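Naming follows writing order (A, B and C), and every chain is counted from residue 1.
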Amino acid sequence: MKNVETILSEREKILGRIREALKVSAPPPGSHDETSAHSTTESPASHAREWLPSVGESSAEQFALFTKNAADLKADFQLLASRAELPAALKKIANDEKWSRFASHGGELSNFASASLGLPVLETDKGYDVQEMEKCDAGITECDALIAQTGGVVVTTRSAGGRALSVLPPHHIVIARREQLVADLPAAFALLQQKYAANYPSMISFITGPSRTGDIERILVLGAHGPKKLTIFCF
Amino acid sequence: MTVTLFIPCFMDALFPRAGISMVEILERLGHKVVCPNEIACCGQPPFNSGYWDEARTIAAPVLEKLKSAEAVVIGSGSCGAMIKKFYPELFKNTPQAELAKQVAARTWEFSDFLVSKLGVTDLGAKFAHKVTFHDGCHGLRELGIKTAPRALLSKVVGLDFVELKEESCCGFGGTFSAKFPMISTAMGEVKCAAATETGADFIVSNDSSCLMHIQGLLSRQGSKLKTIHLAEVLNQQ
Amino acid sequence: MSFVSEFKTRASEKSRDLRHRSVIRTALRSYEVVRDKRKAAFQSWESARQAAAETKWEAINHLDEHLVALTSKLEARGTKVHWASNGVQAREIISQILRDKKARTIIKSKAMTSEEIHLNHALEKEGFTVVESDLGEFIVQLRHEPPYHIVFPSMHLTRGEIKDLFQKELGDAPSDSPEELTMVARRVMRQKYITADVGFTGGNFAIAETGMISITENEGNARLTAALPKTMITLMGIEKVLPRFSDLALFLPMLATAGAGQPMTCYNTMYSGPRQPGECDGPEEWHVILLDNRRTELLADAEQRDSLHCIRCGACLNVCPIFRNVGGHTYGTTYSGPVGAVITPHLRGLQDWKHLSNASSLCGACTEACPVKIDLHHHLLQNRRNASASEPAFFERLAYKIFAFVASRPVLWSFAKKFGRLTQPLQRLVTGGVIDPARQWTKTRDLPPIAPESFKEWWAKRKESQAE
């Protein structure tokens, strides 16, 4: 690799050009249409909640919204009355899809889910063989949050067994608790900040429906590279 | 009120009926109409081509002529935008900067003037045809005029109004139409096809420059669809 | 051939191509429907746009501070940050990493910056195998052509063409159903993620506050690219910064809505380092390359600085009647459509690329569509002004000087009208022919006749009769 100095100096050159350019100030946005600029003390995006799609007040409304959004995304959302219903619901999917093995990670909910299936399981926690994971029929993970506003889930390397588990197997199963539903995107970001700010997981992913593409005539096809199916269990 | 009519160059030479209709409508509403003979062009062609010095040569005397006008009314969203939106830009940091802003504030596109300034929508017009409306881009996006022409048309007796399915530029764009005729023509064809699809007899617009382009294509295609300026429709008694 | 004549040649061809016109129109129809629906779901799309514009303004106008913060956060967690002033440097940095790692195969997720520096070509010349994993990119890579559109790389192709392509290049095309064709690509790519030595990505947002790079995608290919290979490289323009982590709560849904009519794209993933202690997978090394490539020149133009706010959503392309008629490849640039017409003259030279700013009716649909409120169509006007100020075209300027002279003198103006009226019958005889002075117009369109009595003449007569 080139010596450190040339790299550093490229950095200084670019920063120098930036500083030189910024000596002339640019008009703030909105001065064309005379819409007033925000006060400088708060971030312009801090009111995002007021402009993003509305989510309703009560938790019932937000569950209804999550259900609708997840359905629009072609995700399968199953709101269970209790945790006791999970094993049967999971087994049904495993049978229907003829799973022979699956992957998961250590966690209270994921362990419970894994144990109920009685199939060979690949645990990612201590490292794993990617080729083995590729052969798995499903990946079962926990998550950090469900977002009513989008119908999506948030996973991280820490909450969901690494980077690949939630995206490599063809069916991603998420196990969540009801308390994990947040109203909107600002709430999800606030939650992540609160939970991890001292030491963020190296990957945080907002998953909004199963993998998709529209690259052929803009026609929706699920399962482009990631999972074809996304099932979210919540109790 | 005394209304100073600004007659754009192409309206003067090619579509005088639109100008005459505006005069007659405004006079019927009880206003005094003046029309400074000395004004020929707003300076948009050189401005849009990037020749701002030449544009100022044309625009500076226009500003002087309009200096004391109570209200300036223009039958073209495009020339209206030139005065209202681009004169302040063109004269920025010149001695006429302030004047440009003042004149801009007193300048109106015709339909907007009737509806927003005068509060009139019903002009007692009759026009028993099926029509669709083309929003000139400058009027629509620089001046934000969308509802006024529709409000006026909705009061015309016998008129059957149908919206175009898609809102798009007619492809005129001033000198663009001659510099890139192939693109301009393709855009116009898309527009004409959309208008034909509505089954209308007339395409109405508040901008004669767009109409010139659309009519030019339609007549080359041998289409029966006709174009007409909004003022002419509103002046049919 | 000069850039402008190449552009005109291609534009003439494409704008007459009715098949192209209908393919693009159909593709964009379905986009328009969902986009409008998603926009309407916002409580206030307009306020969101304004806030997004202000946030980007803040980011770009303190770019140096944000980049310094971003870099130190990234480095603190073991990411190697590189700075490249131009494409040559960026390519050199990337090749060096690949050589150090003794890499053979690179799996790439979509990155327009890599198109900008012509990376694939350079790497292939050095003997590396480069695989585009995004379906649209994979398709155009098989066709050896650049992406047609910054967000929808293969939107100009029909399923039939893609089937034939797959049959020819992969020997695998069961039918022309989009579903089955997508599955072909999925199968081809699956092992590639696992066996590739290096994963390469672009970046959509860089968060200064937390030192993260956010990647927006739908297919999961970027997720896999950033999960499986041992080394990860991310190439990103310096303008991608956002000040705060929470800004993403606004930008992610706006990008998805404007770009694809989705509430959110399927995967929005924030990376803050290579595999961290205690994590079970992810790359051992992560290299982030910050690319200038004349963005600082755009930054120095205060009037057009806001074009660095661009989040590459593609909305301005989608609504642009020029783009829709001439198509993405006609531009001959990495960034096409309105935003390409604005920035290319800055990135690659005003005189060579000013024709893109001229090739516009200035309809303003782009500005209206832009989620970060870039004043696109007015920037086209400014480019025209700057181009003619720095290097006026002799005859054009002369013509405008004469025009200005005549148009500001009423007597001359009315003479010109009379002259036109007299000569128009002669022009009619040759209409559309080579000696027709109005040929550029009349080849495809009729000219209206000059009225026997102009408005001014009518007005003068009327005043006379009123005075009597």
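As a convention for this text, a residue touches a chain if its C-beta (ideal position, glycine included) is under 8 Å from a C-beta of that chain, and two chains touch if they have at least 3 such contacts.
If you're wondering where the values come from, they're calculated on a predicted model, not measured in any experiment.
**Q** Determine the shape of the graph in which chains are vertices and touching pairs are edges (line, ring, star, complete, other).
**A** line
**Q** When the mean CA coordinate of each chain is compared with the mean CA coordinate of the whole protein, which chain is closest?
**A** C
**Q** Could you give the separation in Å between the centres of subunit B and subunit C, each centre being the mean of its C-alpha atoms?
**A** 32
**Q** Please tell me the distance, in whole Å, between the geometric centres of subunit A and subunit C computed from their C-alpha atoms.
**A** The answer is 28 Å.
**Q** Between subunit A and subunit B, what is the gap in Å from one C-alpha centre to the other?
**A** 51
**Q** For subunit C, write out the residues touching at least two other chains, lowest number first.
**A** Residue numbers touching two or more other chains: none in subunit C.
**Q** Enumerate the contact residues on subunit C facing subunit A in the complex.
**A** Contacts found on subunit C: 26-27, 30-31, 41-45, 47-48, 50-58, 60-64, 67-68, 71, 77, 82-85, 89, 92, 96-97, 100, 133-136, 139, 152-155, 157-159, 162, 178-179, 181-183, 185-186, 189-190, 193-194, 210, 212, 218-221, 223-224, 226-228, 238, 243-253, 260, 262-276, 279-282, 290, 292, 296-297, 299-300, 302-303, 305-306, 309, 373, 375, 378.
**Q** Under the stated contact criterion, what part of subunit A meets subunit C in this complex?
**A** It is residues 1-2, 7, 10-11, 13-15, 17-22, 24-30, 32, 35, 37-38, 43-48, 50-54, 69, 105, 124-128, 130-131, 134, 149-152, 157-158, 161-164, 167-168, 184-186, 188-190, 192-193, 197, 200-219, 221, 223-227 of subunit A that touch subunit C.
**Q** Under the touch definition given earlier, write down the residues of subunit B that touch subunit C in their complex.
**A** My answer: residues 7, 9, 11-16, 19-20, 23, 35, 37-38, 40-41, 43, 45-52, 54-55, 57-58, 61, 137-138, 140-142, 168-169, 171-174, 176-188, 190, 212-213, 215-217, 219-220.
**Q** So in the complex, which bits of subunit C are touching subunit B?
**A** My answer: residues 8, 11-12, 15-16, 21, 321-322, 324-326, 358-365, 367-368, 381, 383-389, 392, 396-397, 400-401, 403-405, 407-408, 410, 413, 417, 420, 440-441, 443-451, 453-456, 458-460.
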